[in-house]
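Two complexes, one shared chain (chain A), two partners (chain B, chain C).
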Partner chain A sequence: MKILRRLRGANNEGVLLAVIIVVIVLMAFASPAFFTPGTFFSLARSSLVPLVFALGVLLVMISGGIDVSFPAIAIFAAYTTVEWSSEASFDPTIVGIFAIAIVIGALWGLLNGVVIARFRLPTLIVTLGTQGIIKGILLTYIGSTYISAAKLPDSVAQTGDAHLLDVPGAGYLHGMLVPVVMIVVVIWWMLKYTTFGRSIFAIGGDAEAARRVGIKVVRTQVILYVLVGALAAFGGVIFVILGKNANPQTLVGTELDIIAAVVLGGASIFGGRGSVFGTVLGVVLVQLINNNLVLVGVPSTWQRAAVGILLIVGVSIQALAAMRSRRQPVLVEEEVSKA
Partner chain B sequence: MTSSEPVLQVRNIIKTYGGVRALDGVSLSLVSGEVHCLAGENGSGKSTLIKIISGVERPDSGEIVIDGESHPHTTPSSAIRAGIQVIYQDFSLFPNLTAAENIAMLSELADRRKISSRKRIRAAAEAIVTDLGLRIDLDADVADLSVADRQLIAICRALVGEARVLIMDEPTTALTHSEVQRLFTIVRRLQERGVAVVFVSHKLDEVLAISQHVTVVRNGAVVESGAAVDFTARSIAKAMTGREVSEERLVDDLAPDQNPLLVVEGLGREGAFSDASFSLASGEILGITGLLGSGRSEIAEALFGVAPADTGTVVINGREARIRSIADAVKAGIGYVPEDRLTQGLFLEKSIADNMVASSLDKYRSRALVLDRRRIARSMADLFARLRIKAPNVQAPVRSLSGGNAQRVVIAKWLDRKPSVLMLNGPTVGVDIGSKEEIFAILREQAAEGMGIIVISDDIPELVTSCHRVLIVRAGRIVAEIARDEIDVDTIQMRMTA
Partner chain C sequence: MSGNDLIGLRNANQKLDDGFAGIISRIQVPRGAGRMVLLLVITFAFFAIMNPRVFLNPVNLQNIGVAAPEIGLIGLAMMLAMLTGGIDLSIVAIANVSAITVSSLYTAISVGGGAQTAESLSGLIILAGVVMGALLGAVNGVLISVVGITPILTTLGTMQLFNGLALVWTGGLTISGAPSALQMIGKATVIGIPVLFLILLIVAVLLAMVVDRTPIGRKIQLQGANPVAARYSGISARRTLMLTYIISGLLGGIAGLVFLSRNPSASADYGSSYVLLAIVIAVLGGTNPNGGFATVTGVVLATLTLQVVSSGFTALRLSAYEYAIAQGVLLIAVMIFDQLRFRRRRRASPGSSSETVAIATVKRGKDGTRP
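Entry: the complex of A and B
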């Protein structure tokens, strides 16, 4: 019983892992084209950007909020940096591109954080607002034109071709996997082993109690949103690198897929619960479905429905598990009004 | 280690919330090694004062003197660093974190640790738990622990740092008699270590048992303050309410030839209680008491069909009632006010009127299936006045009411249904003395009109004042029935634990 509980994980990560394995096995049976290195390379590649975004969403969700502004921040930061670099004909190297974008993302995060923490406003509404503001400013003042591969700064274009592992005839593993894995490890470590990380959990558990034990709730939240803004920008630059173009009209609208993956990964939309491992699994599962349903003969138009079904099933499993683990009090009132 | 120099003083604290003066020049002085009791009714300003000392709220004016140094206000972290710890009424724990982390987090933050170490946290939590001689599953999430365990975790958390001032806000509300005794042992041990303890409570006998100094607040001002030996339960109650309160029996004995309204014979449920037999006459108030877990609540829940009994018979008004569900119980004419009224008994965001009418909507339905608004309004106005609910009007949301008034709304709901037997479980938990008396006055009135009333409670003085008979439950059995002259606090307490 105890082993079973350990296998299931605190946030049902074990269940998710089992589901992923089942999906992989089913797909392997359904389509011989599935079980090849190429499938896994492209799965890894398509998971990179969503994973970075998902980490940001996870942090906000653990603290008890929901952020929908990250795609806007991501494309704003990446596009602005690339646009400026190509306009000025100055290539700050790939590290410089990341650094500039991250500063821009962090500043937008600061705005989110200050408004949310200082005025205690609902996070969904605030980030819905900033999403609109950021996209508006981007299209009005920075630019609305597509930047093609030829016009990208050389460092960005070259990084787009960086291969970590080449398998002739099967494809390659993209070099951006390295920084993404590093970020995943850093966030995992931060959540588990720093007082800052534990404070995020505490705030998500009970913000008023957090204040009472001496956590500086406003400061923690502001830092959190700055970090999430920086993460979004980081993901945005990777998005541009992988796509080998910069289009200010993209990304916004993908937030629900990311949020779905994080919720599937066991994070609670009420705050206080969630894990990096679960989030990684959630992203992988959603990408697995998105990439490969076609292979097994499901029309691509069904992909959205499939993710939706997964999300509801995932949340239901969690809710059922929670119900079983706690003895539900009998709602006397309900029974009486039925009588 | 007792010294006469106060560790903490507050002087002339004034705090106003939106035009209402919550604290009006309150001063308090805490000496190390002394248990200082802060008594006052709900809304008297006790909680506000605690929040100001702990830095959660800022006073409008006044000063807080810590070790002779004056501050205009404190912040939560500065208060904690100064050794001021508060155990809040709601415990303020993190349900999503483990017991160990809940206990250690405060000191981790106070030490300004950046890196969190499970080993260190675990060791710190274990040290304090062993020190206090407790048994708590440190690896369990707090959400999965019982209320009593949470209470202990809140205490451990407050003590893991070197607390010099420990403020306990209503620490005994959720505890049983023996748990309270254990808490007192801990408090005395802290006192020996030189901690200044502030003990906030409604329960006057507890106050007198543990404290050396008593301060009574009423309407945001200190009305009396002095050595505990100079107070009696009655004088504190009088200071709190501003009027005379008695603990004398307020019910007359019933004539013995009453026809029983309810006869319970050999009632039992596997693993909960067995062979419960008693009767209830029309107009009678029957008390049921016992320690937590003794089965006292389970008997009521069986009668109301929440967890139906598997043996025994129930006869109401001369007819046998088979109670398999709540619906059966309601149909048979039984009403039940549950223990946890805030989550089980009320729609907090809805108005008082909506709440009162919620369980008897059928009664107000006209033939066209439309609710008869006028008739509802009339009976609401009647109940509102009869139960003396203190609210601007019947449209106020229930969340805005104090504990005592919320309880009256729950009772009003049932009175509107006119059950022949009304059971109330812990009707005065979290209710102040004034309201408590009024609630019992309402129950006595209802009894006088012929209703049979069962009160399950561990507040023995209230049973003494208002019950015709008291049943004592121990280990799932009714072990004693006390009536008339025998009903007094000592007898009941002795039979409960013996």
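Entry: the complex of A and C
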């Protein structure tokens, strides 16, 4: 029993891993074309951007909030940087591009953080508002035109072709995997071993208790949103690099899909619970389904419904388990009310 | 001056005071509604002054009346879910499925039995759309009240599911065809007022009566205000939530019919920006996202205000993106304003609790979903 419980993991990561393995096995049986390196390379490639966004969503969710402004921040930061670079015909190298975008993203995150922490407003509604503001400013004042591959700064275009591993005839592993894996590890380490990371969990668990043990709630929240803004910008630049174009109309509208993946990964929407490993698994599972449903003969129109069913089943199991574990005290309460 | 005169003066004064008090108490409508009347008047006046020729044009005013109902209905559905401390992210998906149901039923019947038969059955077909909305709402209701999933997660999932099923149903295409009765309603006006707008008003009045005057409405309010108290007053959370989401789905279904009456075609991804817009409308209309407080009047006024801003922006040749900025700024400004006023009132009263409690309650939401 003990081993089983450990395998299951604190946030049902084990269950999720088992589901992924089952899905992979089923798909491998259904289609011989599935078990090729190409499938896994494209899975890795399509998971990169959602994964970075999901990490940001995870951090906010652990702190007890919901952020829907991250796609707007991402495309704002990436598009603004690339647009400026191509307008000024100045290429600040790929590191420079990332740095500028991250600063822009962090500034938007600061706005989110200050409004949320200072005025103590519901995070969903504040970020809903900032999403509109950010998208509006981007399309009105920065630009609304599509930047094609030819007009992208050279460094961005080159990075788009950087492959980590080339398998002739089977595809390639994209070079952006390296920074994304690094970010995943850094966030994992931060959540597990730093005071800041533990503070986020504490605030999400119980903000009042966190305040009483001496955690500076407002300051932690502001830093958190700055960090999440920076993460979103990072993801936005990777999105531009992978897509080899910059379109200001994209990304916004995908926020609920990312949140769904994070929830599937075992994070609690009430805060205080969630893990980087679970989030990675959640994103991979969603991408696995999105990418390969067609391969096993299910029409692509079923993708959304499939993810929806998966999400509902996932949260139902969690809810039912929570209800069962609470049955004891409820019974006592009922007896008291009878007496 | 004689004594009599003085008494007369005093009486007159007294009468005047009473009169004023009466007027003031009559003006003092609930929080959301009062503020929205002011905002609506200000925005309307602003655009009327800035560009009277275009904005005050009867055609423009009629357009406001035609465009407002669909988002108004969705906003009302969102308000109802928020009133119990929940949220309904699936409402636009429900509206679309209902529109697709009506459209494809109509097309199927007119292919099978001729256009005449389809027209004669249009009442039933329209009813099927509304029933479909209520049915999908019931799916939400079961997941929330029986299985015990938090509303936001339930509707996040069902949003994907309903939207996904709509995609499967239509194959991702826009399907066309709708009973001509619906199209007639979409175009008809009564003394210059679009019938669609009248439908919104009628639905709003009915909903207001349900929320304020019926036992179930009271239960919905109490469930949102204090689920524990509701439980100990013998209110079944399960039945209350079930009914809330069925009504919410019903409103979504009606919104789907409005989609069709404006434009006889349906698709899975119509109005994808409406989910967020509905939340904006509900909150602007004074709905407390944590439950327990909302007014139908406030939501209807908020719908009108946003529609006035939208068409006013068009009259001033501002873009849809600038409208998005205005929406965001309006939403955050109203929230901050509310919060500051709330805090000031709290500071004035003794025994205010510690600072972070507000965050805690905001974040935790109401745990009212578990029976």
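Throughout what follows, the second predicted complex is superposed on the first by the 324 of 339 C-alpha atoms of A that agree within 3 Å, B and C clash if a C-alpha of one lies under 4 Å from a C-alpha of the other, contacts with A are read in each partner's own complex, and residues count from 1 in each chain.
The rule is short, and it goes like this: contacts are C-beta pairs under 8 Å (C-beta built on N, C-alpha and C of every residue); 3 or more make two chains touch, one makes a residue touch a chain.
From a predicted model like this one, the values you see are computed outputs, not experimental measurements.
Chemist: By the touch definition at the top of the document, which applies to A:Arg273: first (chain B), second (chain C), both, or neither?
Modeler: In the superposition, A:Arg273 contacts chain B only.
Chemist: Output check: A:Arg198 vs chain B and chain C. Expected answer is one of first, second, both, neither. What do you get?
Modeler: first
Chemist: In the superposed arrangement, which partner chain does A:His163 touch: chain B (first), chain C (second), both, or neither?
Modeler: A:His163 contacts neither chain B nor chain C.
Chemist: Using the superposition on chain A described above, determine whether A:Gly136 touches chain B (first), chain C (second), both, or neither.
Modeler: Only chain C is touched by A:Gly136; chain B is not.
Chemist: Based on the superposed arrangement, let me know which partner A:Asp206 touches: chain B (first), chain C (second), both, or neither?
Modeler: In the superposition, A:Asp206 contacts both chain B and chain C.
Chemist: Classify the contacts of A:Arg219 with the two partner chains as first (chain B alone), second (chain C alone), both, or neither.
Modeler: Neither partner.
Chemist: Which of the two, chain B or chain C, is in touch with more residues of chain A?
Modeler: C
Chemist: For A:Ile309, decide between first (touching chain B), second (touching chain C), both and neither.
Modeler: A:Ile309: touches chain C, not chain B.
Chemist: Could you tell me which stretches of chain A are touched by chain B in one complex and by chain C in the other?
Modeler: On chain A, the residues that contact chain B in one structure and chain C in the other are 204, 206, 208, 210-211, 271, 326.
Chemist: Which part of chain A faces chain C closely enough to touch in the complex?
Modeler: Those residues of chain A that touch chain C are 64-66, 68, 115, 119-126, 128-140, 144, 204, 206-208, 210-211, 217, 253, 256-257, 259-260, 263, 269-271, 299, 301-309, 311-312, 315-316, 318-320, 322-323, 326.
Chemist: Flag every residue of chain B that touches chain A in the complex, lowest number first.
Modeler: Residue positions touching the partner: 54, 56, 76-77, 80, 86, 88, 92-97, 101, 105-106, 108-110, 113-117, 143-144, 157, 304-307, 325-327, 330-331, 336, 338, 340, 343-347, 358-359, 361.
Chemist: Please give the residue numbers of chain C that touch chain A in the complex, ascending.
Modeler: 89, 143, 147-150, 152-154, 156-165, 167-168, 171-172, 272-273, 276, 279-280, 283, 289-290, 319, 321-329, 331-332, 335-336, 339-340, 354-360, 362-365, 370
Chemist: Quick one: which bits of chain A touch chain B in the complex? Just the residue numbers, please.
Modeler: That would be residues 192-199, 201-202, 204-206, 208-216, 268, 271-273, 325-326, 329-333, 335-339 of chain A.
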